[in-house]
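The following pair of complexes shares a single chain, subunit A, combined with subunit B in the former and subunit C in the latter.
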Partner chain A sequence: MTDPSPLLDVRGLSIRVAGTAEPLVDNVSFTLNAGETLCIVGESGCGKSLTALALMGLLEGTPLRVERGSAMFQGIDLLSAAPDVLRGLRGDRAAMIFQEPMTSLNPALRIGEQIAEAVRAHRDIPRDAARARAAEMLQRVRIPAAGKRLDEYPHQLSGGMRQRVMIAMALANDPALLIADEPTTALDVTIQAQILDLMRNLGAETGTAQIMITHDLGVVAEMADKVAVMYAGRIVEAGTTAQVFDDPQHPYTLGLMSSMPSLAGDQGRLVTIPGSVPSPDDMPRGCRFAARCPFATAQCEAPPPLAPRGTGHAVACWHAPLEDFAVGQRREVPA
Partner chain B sequence: MTQTILSARGLVRRFITGKPLFGAPTVVQAVNDVSLEVRQGETLAIVGESGCGKSTLARLLTRLIDPTEGSVIYGDRDIASLSGTELRALRREMQFIFQDPFSSLNPRMTVGALIEEPLRIHRLGTAPERRAKVAGLLRKVGLRPEHADRYPHEFSGGQRQRIGIARALATGPKIVVGDEPVSALDVSIQAQVVNILEDLKEELGLTLIIIAHDLAVIRHISDRVAVMYLGEIVELGDAADLFATPAHPYTEALLSAIPIPATGARKARTMLEGDPPNPIAPPPGCRFHTRCPYAQAKCRDERPELRTPSPDRQVACHFAEQLSLTGVNAAMAARPDAAQRRFALYSHARAAMAGAQTDKTKPTTEE
Partner chain C sequence: MLAFLGRRILIAIPTVFLISVFVFTLQHLLPGDPILVMAGEERDPEIIAALREKYRMNDPITVQYLAWAGNALQGDLGISLRTQQPVLELIAEKLPVTIQLAVMALIIAILIGIPAGVLSAYKKGTWIDWLANIIALSGLSVPNFWLGIMLILLVSVRLGWLPASGYLPLSEDPLQSIRVMVMPAFVLGTALAATLMRHTRSAMLSVLKSDYVRTARAKGLREGVVLVKHALRNALVPVVTVITLLFGELLAGAVLTEQIFTIPGFGKLVVDAVFNRDYAVVQGIVLCTGIAFIAMNILADAAYRVLNPRMSDQ
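Let's turn to the complex of A and B:
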């Protein structure tokens, strides 16, 4: 399963706001092979979007800095490459789509022009060829009457259609990597199903590797080959979709899954995770989940490494496997 | 055997969305001829996608807005005819929890003042009594009495939603309407708030009307579910039955679209192509016929009434009896035994942790 040279190899990515003691995103590592879909799942503030933005070189102009780490993608380190190298890469070999298509589209420009612009930014081709490519892309994302839609403005489209346009734009230059940050969160469920379907099919057709950032474990089960569960800036568990869902090891993964009501049947009272996430300017030094964890002990005041538990499965918990933990052993760990 | 606490009859609400200088205004029929009964002590959920009229319906039921046609009967009176003191008395008994805990709390008032405000408006109790009541309410929603002196911005989203709940409960309402009360919250915080709502409902004997688009949350908290499409109720029934055996094609499509977080689960299916039609010009006949995979000629011409083909189930579909539709069942979300055991470990340790914490501090609910 492990390709000798993955498409994307992220190692030790840390992101910090100047002046804080602990990094916001801490030592994040993962690999992605061509054609694979990795889902990064976690709640607000876990650093999943920051990770994506850092990979695309989009932290410029924010108080956030990549402190350490490398991200090798087709021979280029995304984290240290010069801005013009990244500009040449973005929208071409690596593309990104966002949650809210309306704020990512230019409201004053016809959608055909916007897609053509994305093509012409990277390829020296005539206007009508770019427009033809735009029409072709709208067809590929299954927009009905694509030829006519080219001349419409974003406000004339529904939310689902706008997200299709974003996908068309992102895929117009056949990228090797597509990062999608909560692409369906703003959409209704029936429209979400259409978009997920589309992304799965396009992924299979084009071989584009995808990183999908989501908070929805249902979307993860549906889309991912591999999963990384993030909590407060760290990956706490990573593995194949089957490993993470069928053999969840980290207490946070278990808590997150227990917190979700089931569509399919009665489960009684929801088993929750107590408390709330640590504040970004006051991250604990040790295990960042310890203050909320039912399995915490004094040992958890030291940060647990993301240690392998079988092939491809890794867990950052001192007490994994939890079967060996005796209840009553728990100690309060200061937040 | 169960009593009806609130009933809507033929509710219609139209909004004027565009008024040209000349010519006819554009009218949206947000709620079209909705009748339903809310039972004493139940949790009734109203589900549907954006623009289906579910929030408008909730506002009509509590008379936050007036219906264009139809009536809402509470007790023995039509609440549309109430005014002045009678309306104020009604407000005491029906309260609302809003979706966005950031915009629904006045940032310049302390939490204590916010929760006390409904008590002051309704002139309930003396000042010291009200303060004691605020402290009690804060404890009920899992916050601490000393939080009363703080301002909303000092709290997280989940805590603010608890404040919103405490405020809604201050006057001792009989009916609480929640418009997407947990959908702005993260999963782990959502679960805490869902548990609080359920506990309080039990403890105070409330009737809950919950508007939501998250069907898993709905399945968990509600006794009965009403499914809306383009301003109409297309199906209404017992939550467990309706999810297991939907009778309306739209309900089936909604259920099929939801990704289930388990590896052995069925893949979500795209049963509906395209977007919902424009509510300004809804299709004739059955409003769902343009997207319905089972539509026949009759559906284009004839509007199906909300019928009662079997006890405890209402459905607005000409062919409800002929169709055999697929729902969701427990087997779809089944987990392997090893995972099941680990979840049991978590649950056990979690309970032990809650026990240890209650010993140390007084408040019962987790923060």
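Let's turn to the complex of A and C:
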């Protein structure tokens, strides 16, 4: 079997606020091959952004610390590399875009300059060449009249246009990896679809591997080759998109599936999982989903390992694949 | 930008008018009679009557105002009751001294206050931050006159590095002129530096948390570029406003500082004029100061627009 080493190999990543009992991100592992798109999906607060920021070396200045783990990317461990090495990587071989296009661009600088400086930070090229590259990138993210937009300020652009600018900026140096943290959450539905389209096309054109963070299974279905489902700081299920959608084995994944808006066109969540995410100061020691899980038993007081269930599919649940449970055996979950 | 400046200047005209009316009226409501001061010890009624006639003190106050304002528009602010010099000439002679002092103080304040604010925000919670805050607090609590006297004692008397007082016009010998003014400017600048530092620090702290600073880091920019080009540039917007508000403090401080270092500037002119009830001079000074305030505000708004492109197309 020819299995070249993956582009990104994250193992056992744990993130904690110094001095707290339980880590906010606990033992997260996944791999990503060149050109692949991985979606990390989960409810608000489950640690998706922290995972992404840790990989980019952007946790500095917060009380959060990477406690354990490694993340090999092109021969460099992103979690232990020196700040200067990470700075050299950021925006060059690994880029990131954020959830809030309205506030993620500098209001005082022209967008052409904001893209050009990303190029000049990593390439020794003259100003006008960087500017030309910025114009080219604006064109590639399908911004109309790209040449004229170079000298505009962010406030002159709509949210969707700004997110395109962010994408242009992130891809300006042809990165091997793009991390997109909920890139469409803040946008209108129609604009969301356009941006996702754009990202998929650009991903296919450039071969850039993508980690797409979202809490929207619709986005996952549209974008992902692979999925990692996170709950309260842990990956509870991972696999190819087909595996996770066609054969979900973790109760939380099942819950997410049934809370997906139906194709009949209803907006918003039809069914939500009863209960709420445990707070970071009150993490259960065993399975973190237990309080909301209809299948929980005494065994679940020990933390379930993320165990393989067929090639590429892994689930962290003592009772997966849940086939032994008849409907009558499920317990009532207090709401 | 030109249209903006034109509009602001037009709007300023009624303000200047109000200032002039206010100044003129208030002056005449104050107790004390300058004619008596001028007439000297004897208070000869004939001399007093002649002086009243000469300075049109017998006309109704509105007539006096109109005459004064009409002349002022032509650049004639009257004659000093005391020195018999034209007021405008007096002001034109003293104002550059004070402007030089104020500008040098402001430059010193900016050179100290803004980098210190940036550094202490960047190093928040470390000993650098603590040290900067302690120095700023001392800068605010040490009175100017005390600092001035101490500096004179140390730098001039003990070390003999700089003269303790005096003034040399910039046009005569620029370097020497700046040298003579450095110590007073430093005294005046330190308190302002402390205020600027604290405002810069808090503006930087909020800007450093912003999404676009995170974007700048995500691009792999060097920390220096992140700090200055991305963070400071935005943090300066509120700081510029603070600088405008400090202008009054700066002028008041300049008057005091000129006394400590016996600098023959605007401050001395003000003090002399007030004590001698030299109406014409006081009126001229307050009017000029008022206009200078308005001009500063317009300048600050212009700077604000340059720093903040969102304002430009409104």
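In the analysis below, the second predicted complex is superposed on the first by the 313 of 335 C-alpha atoms of A that agree within 3 Å, B and C clash if a C-alpha of one lies under 4 Å from a C-alpha of the other, contacts with A are read in each partner's own complex, and residues count from 1 in each chain.
Keep in mind that, in the parts below, a contact is a pair of C-beta atoms (placed from the backbone, for glycine too) under 8 Å apart; a residue touches a chain by one contact, two chains touch by 3 or more.
All figures in this text were calculated on a predicted structure; none of them were measured in a lab.
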| item | value |
| --- | --- |
| Fit or clash between subunit C and subunit B when superposed on subunit A | fit |
| Subunit B versus subunit C as contact partner of A:R65, first or second or both or neither | neither |
| Touched partner set for A:R131, first subunit B, second subunit C, both or neither | neither |
| Degrees between the directions from subunit A toward subunit B and toward subunit C, using C-alpha centres, nearest 10 | 80 |
| Subunit B versus subunit C as contact partner of A:H313, first or second or both or neither | neither |
| Partner chain in contact with A:E222 - subunit B first, subunit C second, else both or neither | first |
| Which of subunit B and subunit C A:P251 touches, first, second, both or neither | first |
| Touched partner set for A:R11, first subunit B, second subunit C, both or neither | neither |
| Contacts of A:A121 with subunit B and subunit C, given as first, second, both or neither | second |
| First (subunit B), second (subunit C), both or neither touched by A:S276 | first |
| Shortest CA-CA distance in Å separating subunit B from subunit C in the superposed model | 9 |
| Footprint overlap on subunit A, comparing subunit B with subunit C | none |
| Touching residues on subunit C, where the partner in the complex is subunit A | 208, 210-212, 214-222, 225, 229-230, 233-234, 307-310, 313 |
| Sites on subunit B touched by subunit A in the complex | 49-50, 156, 158-159, 186-192, 194-195, 198, 213, 215-217, 219-221, 240, 243, 253-263, 265, 267-275, 328-333, 335-336, 338-339, 341-343, 345-350, 352-354, 356-357, 366-367 |
| For the subunit A and subunit B complex, residues of the former touching the latter | 43-44, 144, 158, 160-161, 188-194, 196-197, 215-222, 241-242, 245-249, 251, 254-267, 269-276, 294-295, 322-323, 325, 327-328, 330 |
| Residues of subunit A that touch subunit C when the two form their complex | 56, 58, 61, 87-92, 95-96, 98, 100, 103-109, 117-118, 121-122, 153, 155-156, 166, 169-170 |
